[in-house]
């Protein structure tokens, strides 16, 4: 797949999941990275074709995580469930391997907030704050010089990009943000669970994690960081919903306008923030996830509800690309000093 | 279908649409009503089986609206696009026929609000306020004695049932209500439109009518009426979304808690409001549309987000039943003095 | 649910599955049967509302199978996986309880064919042939006097109804039948399996059990019985496919025309066979599963491909109703001497 | 999009449809072709972003077909409805522009068969037989030297690849082929039609064109050509079905084995035929469309039903890629002497 590429050899741990599979697919097509190792847990020893029959190189074999930690790669992508990244991440860093963690272990920077969000103490509290939050639109300047990146969650990517520039510009009151998001089922992973069966998901919508979802503190932290605000002034109510589609997140984010703020100012603040961004686009018509599925883009539209004095920004991403694997590769590009869009799709899939 | 039933002969104008077809299906199974006439516009002259191959009595022929207005029925259901109900409704009332209008022509009670919502003057402004809003949970006492009922819109049904009791109890601030709703595609009707094609709807979510949807003033009016509040104190931000499923609406409704209000009080207010209601149920787990598709029920769950001080109520209905045809039949039952649940399904369909 | 019905008290073992849930729903609405007991295996002790939140009577508790076998019911529906029916069925019959088995344990009448189809010896080989195959269109005359009924499989129901009258009339050669069927995912049951997850089913089609599916010998046996043919002369190639929808089976069945047979004769043979059937309808336009989902009907269309000299009959059913629970209730109606259509829906659901 | 590519400038007429949009997407990413012109009919004058919001270069404007016929391109892709290709194709050829027609105007080589299949006389009967059928696995040797290519239909691509090698090897009887295919809705195009609405397609399956579909003679012609058989000895019964998904075709193809033919021989014949093919793979497990959606691959599995003596080959493609736009680009690569896989995706999309 990769013998003619002169470049960075990377690996993926957790390659059998949806996000891990997308990293494999992206790196296979990447002009300046190639895969040195793919590893799985219950899928260790299986051929890639057994777990991802849609990918070429079906004969490639997944090795165990333990074995992968000894491999000679320059950078490792971790696509693991919450709590499973921390130990392998530290082992890899000790060996000088850069780490891009698609999981949630190192996203929060405060041990107390971590414990309150995740219900357990962090195993490496000293590490919190030493990782770079991998949202290039916010932390691009830091990504070139870090060896450890925590890729944002899928919901936070959409909500932060939608709301942070408005908070930073003082156009909305960060204490009254409401984020209602819908996600395709791939966001819930690939497990064999009754509540993820076709029978349970198809032709229905449900909310979950109402008021308690772990992505909320992550959104608040990043919006505060982006806008240099005290984190306690950012108060966000977040309700995620599961809808019957494979991919895509649409976040409808609203907040009270500060006195006198207008649609023109709202739109201008977003357009200014993303004028030079290769992967974020501000549109006028309410956006659809269909415009970004298959792409690393985030599209958003800005609206003002004069009647209630709220700004509404609707943002759409592909949860497995800009919300996970694509953003991870975007970060890796920056860590390696490569062109930021290298190997990342702009065009989506439709229908 | 109906020859052995001794009772009320009714009709349906607009029988070829989704809502009209559901009225036909419900009346065919109703113990105390039977269909005297079914009428359509472009489908006039066609057999029912051509437009609704899932219904029995395929050989029944749809007549024209003009002809139907002369027919001998006791009550007519109108399932027509906005603006098309007013004239036939008045003609029927003049002949002494009761009217249950599933459309939006007579829902608003104020000519000014009507004009601002719908962009045109009402053709019969004197009628506004003379119609009963057909939400039995709110207006049951009026339904026995009226001959003209405006059935609520699908989104309003879910949002009003979720929020009105909390406003009435003074537990939330009605100026900060946010309603984010998702609907299956049947809510957009049965037209041959490119943006309703399978290719445009499947595997995607989009918002529409952001800040401008006509159901917003209807929600505000009913919440104010229910809670005896000044309508100007109810300020609601409403964003509807289209998701890839046939039926079902889920409305995630939130509002700032008034000082000191608790989850216990929120839950108690809803449970008290609906304790004796045959079609509304308050649950604890976040609800799914799958629990009500095929049923005339509305299920809801109440939550409090302490972090932001907001009450969140999530309500689910079948948009074609409790959100349209089922509610219309529920109203007709009350108008005829029949048992309110007569002919209305409680059990839903799953999977 | 049932206290005012004067009639037959029945039970359901396996009530937590899809087919069992449909039996519960149908009996709850049945004018002459009521539920005395509902039982489950892993769901024993749970409230019905936990396993079927779409059904009323949520507080009803599922008991264990062992307990249910002692209950006072007149008839028991068994909705269990293959191999799990035989023992409880015999225990119930010993106590004088009629049994309607939705499973496959007693469908085949020959122990050798059973062993070859299912890969194990039948535990009660003497019983084979003592059960009535519960396809009323074929065995109605036997159903009034039997106490043990094996309800046909979902695929066989569609294929037998499509092909048997043509074989019986000598219009097609039974050695060259090809049945290609597609089924919604509910046919695969409700288990928590990775290959039934939304991610695995949505937006894809796959074949399975190619040349080996256990429904093939069942189809051949019934077509031979129906047409009084030697079973060895019926040779049927059957390929089932899984498609991304909840309910519905469409079987495209074809066979070589015998010399000179015409479309008129094909159509006439089907129309004659089903002229008085309440649940089977022969149409001219190629049928859709959408016309029967939610209904106990089977609709079919007949075609002749002159170019290849094959008759093609396309049949559609709701796999959970005419293909399982509805057919089971239809049989029970006949066993009790009730009107055959009692409690069975003719109208389907659309959209 | 293309300024740095040194190479072949091509165009697309019919760029606003699904297949045309896929050609645009593929050429945008192609290493050796670039788009000189994109044209539409009702979409002429619109920006690409209006008709394909998922594609980059949204500001590119579609011109009219008339204008496009004067443009300086080396090759034109025509993605037009049946009957609309012939005139522009001849005009382009007259100007020395190579033509790759994704439509059906030039697929059949016999004027009589054309008239019988399409119900009208061909406007340029002399052209029939001068076009190369664009199935590289069959006609690769001709594609380097032709200037006019008729890309196969989507169903034929799957059925021909599945059956032709078996007919050519004398392993099956070509007079008894049965092809039952299912297709996603994108195969029916992008029109605003009631029978393509989400409400009409979702959660249902239907057959259409039973015994009369125009792809049947195309399949027979190509199978005969591939295997050097008399076309009258190839008799194929074809029934297409529409299933609720966007993309993908699965064709279940069967035929009577010739005396003594075995699964080993069937498999060997397919494996030999495709051993060196970059886009066709023979697998053992029944294939799923999910393995090829997003890819230009065709995957197939071979089976033998000993009971009926039929070979069964199940083939899956993405109808818009290997079934249309991908195959068109594959042909253009060969016409230009480029590497055959240039710009064509092997990896699919999952989930």
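Chains here go by letter, A, B, C and D, matching the order in which they are written, and residues are numbered from 1 within each.
One rule holds for everything that comes next: a contact is a pair of C-beta atoms (placed from the backbone, for glycine too) under 8 Å apart; a residue touches a chain by one contact, two chains touch by 3 or more.
Fair warning: this is a prediction, and the values are worked out from it, not measured in the lab.
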Subject >> Far-end chain from subunit B, centres as C-alpha averages >> reply: D
Original post:
With respect to inter-chain C-beta contacts, which pair, C-D or B-C, contains the greater number?
Top reply: C-D
Subject >> Inter-chain centre distance, subunit C versus subunit D - centres from mean C-alpha coordinates, in Å >> reply: 39
Original post:
What whole-Å value do you get for the distance between subunit B and subunit D if each is reduced to the mean of its CA atoms?
Top reply: 46
**OP:** Provide the C-alpha centroid distance between subunit B and subunit C, rounded to the nearest whole angstrom.
**Re:** 37
Original post:
Among the residues of subunit C, which ones contact at least 2 other chains?
Top reply: 18, 185-186, 199-200, 202-203, 244-247, 288, 290, 293, 350-351
**OP:** Under the touch definition given earlier, write down the residues of subunit A that touch subunit D in their complex.
**Re:** 18, 21, 25, 28-29, 52-56, 185-186, 203, 246-247, 288, 290-295, 346-351
Subject >> For the subunit A and subunit C complex, residues of the former touching the latter >> reply: 18, 185-186, 190-194, 196-203, 244-246
Original post:
Inside the complex, what are the residues of subunit C that reach subunit D?
Top reply: 175-176, 178, 180, 182, 184, 199-200, 202-208, 210-211, 216, 235-237, 239, 241, 243-248, 250, 252, 254, 256, 286-290, 293, 301, 303-308, 310, 312, 314, 316, 350-351
